[in-house]
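Next come two complexes built around chain A: one with chain B, the other with chain C.
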Partner chain A sequence: MNRFALLLVTVLAALGARDAAALDVFACEPEWGSLIHEIAGDAVNVDVGTTALQDVHVIEAKPSLIAKVRRADLVVCTGADLEVGWLPQLIRQAGNPKVASGAGYFLASDQITTLEKPSKLDRSEGDIHPQGNPHFQMDPYRVLAIAKALAQRLGELDAGNAAKYQQGLANFTTRWNTAIKGWETKAAPLKGRKVVVHHWSWVYLNTWLGMEQIGALEPKPGVPPTSAHLASLVDLTKSAPAFAILRAAYQDPKPGDWLSEHTGVPAVTLPFTVGGDDKSKDLFGLYDSTIDKLLAVVK
Partner chain B sequence: MKRSTLALAVSLALCGPAMAAQAPAPTPDLKALDARIRALEDEAVKLREQAAQALAEASAARAELDKMKAEQVAAPPAPAASSQESAVAAVSAPAESSAPAGGANGNAFNPAIAVILNGNYAHHSENPDHYTRAGFPVLPDAGPGPQGLSLGESEISFAANVDDKFYGQFTVSYHDDNGDVGAEIEEAYIDTLALPDGFNVRAGRFFSNIGYLNSHHTHTDNFVDRPLAYQAFLANQYGDDGAQLRWVAPTDTYLEFGGEAFRGENYPSGGANHDGVGAWTLFAHAGGDVGTENSWLAGLSMLKTRATNADDGFSGDSTLYLADGTWKWAPNGNTKDGGLTLRSELFFDQRDGIYTQPNEVFTDPLDPLTAPWVGDRRGAYLEAVYRLNRTWDVGYRYDKLWASNSSPFPSDFDPQRHSIEATWRNSEFSFFRLQYSHDEPERNIVDNAWYLQYDVALGAHGAHKF
Partner chain C sequence: MNWEGLELSILGPACIAGLLVLATHVPLGQQVLARGIIFIDLAIAQVAALGVILAQAMGVDEHGYGVEIAAAIAALVGGALLTWTDRKWPDYQEPMIGTLFVLAATGAVLLLSNNPHGGEHLKDLLVGQILWVSASQLIPVAILSVVLLAVMWLWRARLSGILFYGVFALAITASVQLVGVYLVFASLIVPALATTGSEGPRRLVYAYATGIAGYVSGLVLSAVLDLPSGAMIVWTLVGCGIIARLLLAAGGREKTAAARTVASH
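Right after this comes the complex of A and B.
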């Protein structure tokens, strides 16, 4: 009898665990997919909508993404209008009220403060984001703030595993804080150094590591580089001097390579998000690889 | 320490004058005593001064302490245990934001407003006013378009969540039908947001979800004009007053099923039969990815109508079947930076009814001005658009219509058209397009047409369908 009861409890527990594992999360970008994995481990199923080799500003509302959002219990996206061209369409098409608003709709930008909020909103300034620069995945402190909010949200949606998510968060926080110390020590030679960027993707990384952006290959945010604008950057890049020309894995290498050839300043392709290069298998690898690649060219 | 000094000072101050008053007359001994007393009195005064000073210092210190305490209370919550924690706290969004973004005025909840401006220059080698198409009557606004400069589909659209359960959209477009200029409600509908399990209901005036292009606004098209099949079978686009039910299946492959009931006022229907429920549709779409570089979408749809005096003079029952397929390939899936889009739609139209001259009023099936209209017609297009980069794309489209021998417009010639286009985009919000079409609407008649189009979007950032 006791044995039977034990068996029953075990079976129920197993069923419960399987139910909990059924929490389906749709992450717009790989960095949030990786963060969810750090916090929740195998307790949730994560679908990531984009790859590191895609420009997430201009993804299309593909049928495959609608199908993923249709099945999701939670959507985790960057926000700050980064996905404005596709996420609203996905949600309207999917007919899934769980993620249309409320607890199932998690925007990382709502959990943190952003930089570069424009004082003037006019599209003649390029593709600007009224809520500030959305490329904050390269600030480890913001990532940690988002992790805390995300663990809380996962716990709200899946109360049975709330303790597990908090434990996952504690574990991640410890390892992340240790890693931050290591990165900050390692990246000390980057402090005060100047960079030219492809797109305004690096403001958070620059702020964290004390680097300074002196120019951008795009004449205005989201406007493709023009040859006239690139030519105007040659003198600035040489005289500043910039130690690197930074671009993300998904960005066209040609404009940066051109400027590099004409200035002798190396162009560096940074992973930008998880999966952006071989080493960036998770968030830790992403930061390791980014700092290593910067240190490799700093003199 | 200070308190004991104070006590001593006070006792000396009280004793001093009393002792002085007791002395009757100064004697040498007394003199010495007097001197001593005076010295003590001086000492007492000095001590009193010191005590007052000490008291002032003590109260100043107390005030400073109070001030520090007050500052500590006003300061942010307990200082963080580590610099890392404080760094995280510094970038975290405040638990409660101080004020809503829009403030408390009545405009804070204004809907998103998007304005589309569109204009054309067209040069046709054949006069568009005399344009005819073998086997297919040319419908109002669905022919070759005007010669020269003209305003295209220019519209303004308002959209917002109504509340937690509904979303609303309202689109008014500029309308110019041979000089009859006005505004037209293109779409005005509400969508449900809260139905469970993949269900969506839409009600109002909207474009039907049949086929591929039909539900897309023309400003998102890859060519200046709609394919011939859309012009001939749907007068460019079928929209009407109605209701739609859609369901998205909970599957890995995107599967969408739905149906609509429409008033049946607009072409290919007409006359709002069946007490104002004169048209029905059914549609199914499927889609997915193949790897990260390929995406596809395919569909089957049906539009059934009971028309009375439709714009082409048809009265009776018609059924239009559509099959659509889209394949997109782009390096790494970056469709805005390169790659190929292939799209084709097939139309099959079955009619069983009567033809009346459109300007005649339909009265009686036996009227001598009518003729039977029974038979099948078909249409198709295939388009390929190659995206060179963020700025440029080039495309080719082939159109074909198959006429019927038994309709009131019998023809053994099948119209066809070749079109090529090049589009230059300055940003997501503006493009210019040059297009050349080689149109053969009738045997031995060729309309060579050049188009130059601009299309811009102001205001809210649109989120377009795939």
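Right after this comes the complex of A and C.
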């Protein structure tokens, strides 16, 4: 085993794959990988566990995932039970005490308040998250709050570069605040408009831009629709009227297309996270693309 | 290429899980093949999943042993039901198994309309995640495997009826939770299918060798190619099955040729 580890190190060193001095960070989702990159630039090595075209509630176990968490100094995930189906197993299997708890374990949900936090826990309400809705990457203000906490955490783990992380944060904050103003001005026509959603993924975007969710294809989160539900949803979508049916890039287009056919309301596939479409190469592109796609159908 | 996942401490537990599954499934697979009831594992696994969902609907804690017990009881009831249909309508056993499978699968969907958290458990049971296997999961399965192997050995001449379906139900329930239905199906059928030309203990040895080669090469390839392990192992199992088939056929021809030479002298 030791010999094998030595071989591994030699191979990696020969490939020059990683900078040994830098922090290794494992991000569960692409939006956090992108955020770390904005703050820390090349000072950290970032591995991202999932892609935008994956349902992050469930992922397939690959040996490389365990290896990445094993060598990580910091794990950055959404939290609020989004990854509850696999992150605990992944961390247990990796056996890396640095990221099992404490400073090496960063949950974005701990840094902000979530919406849709249930007042009572009841299975009959569907696949709800007791810690609130975890899809908060589409609220720029929450992203900024998370960025601040993340820069702080990076500085705690890597004191030598703490000033650099704060510098990166300040730079990001300036650009982000400017961008938010641009987006808010641009998205003004969306205010007060009604949408139907596929999964309950858009509450933060809706709240930010002043849109209103009037219905969901999944009657309760994670539960497939019944025929009675679909019939009432068709009526609701037409009479409200909704201007768009929203779904994420990873979701099955069939339910949204069906509703679109029965109501004439366009179904819009939004990137949902970094990498969800060609334009969403980073967080800025993600928001640009999302707002452009909504404006394209709002008329 | 990706060498970083190629570590014994990552692949080791998964490999042991695979060996445990093979231990009971290779002999059972030969029975399943001989009886022509290929899809019985799918049916039993679905019934076990239904048991879990029912237990949760009745308020059993989803993380305790209660769930395992519910799965085992449901699987045994399913096994008893199939024993009865086997006796009553032996010619229609395969369609009966198919019907039980779709009933259990859709029964889960109907129950899940009120219990979406059962859905996660159902998915775990069907897809399985061999890499997430932990030592605490392996020990009970190891004990169960030893007991089942002992039963199969002691009653090897009369492993039929309720005894066969009972052993099968318990083995499947344990293995499905460990590695998922796809791997369970492949572990049962592929080694048995690859060695149909051989007989007795020799066949068992060939079948075990095929299975072990399949699991080990699948785990290594999934690490090197960075692909999901369970699905990769299914493919390497079939690959090893084909290689075993070719080797055995070549060996068989040589032996026949040798026998002919001896006979002609």
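Assume the second predicted complex is superposed on the first by the 271 of 299 C-alpha atoms of A that agree within 3 Å, B and C clash if a C-alpha of one lies under 4 Å from a C-alpha of the other, contacts with A are read in each partner's own complex, and residues count from 1 in each chain.
Please note the rule applied: contacts are C-beta pairs under 8 Å (C-beta built on N, C-alpha and C of every residue); 3 or more make two chains touch, one makes a residue touch a chain.
Since we're looking at a predicted model, the values are computed, not measured.
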First (chain B), second (chain C), both or neither touched by A:A145: first
Contacts of A:P189 with chain B and chain C, given as first, second, both or neither: neither
Which of chain B and chain C A:P241 touches, first, second, both or neither: neither
Comparison of chain B and chain C by chain A residues contacted: B
Which of chain B and chain C A:D81 touches, first, second, both or neither: first
Partner chain in contact with A:N177 - chain B first, chain C second, else both or neither: first
Touching partner for A:T51 - first (chain B), second (chain C), both, neither: first
A:P253 touches, of chain B and chain C: first, second, both or neither? neither
Which superposed partner A:Q93 touches (first chain B, second chain C, both, neither): both
Partner chain in contact with A:E60 - chain B first, chain C second, else both or neither: both
Common ground on chain A, meaning residues reached by chain C in one complex and by chain B in the other: 58, 60-64, 66-67, 70-71, 85-86, 89, 92-93, 95, 123, 126-127, 222-223
Contacting residues of chain A [partner chain C, same complex]: 1, 4-5, 8, 11-12, 58, 60-68, 70-71, 85-86, 89-90, 92-93, 95, 123-124, 126-127, 220-223, 226
Interfacial residue positions of chain C with respect to chain A in the complex: 2-11, 13, 112-117, 119-120, 123, 129-132, 134, 219, 222-223, 226-231
Residues of chain A touching chain B in the complex: 50-51, 53-55, 58, 60-64, 66-67, 70-71, 81, 84-89, 92-97, 100-101, 110-113, 123, 126-127, 139, 141-142, 144-145, 148-149, 177, 180-181, 222-224, 250, 252
Residues of chain B that touch chain A when the two form their complex: 82, 84, 87-93, 161, 164, 167, 191, 193-200, 246-255, 285-289, 292, 295-297, 328, 332-337, 389-391, 427-429, 461-466
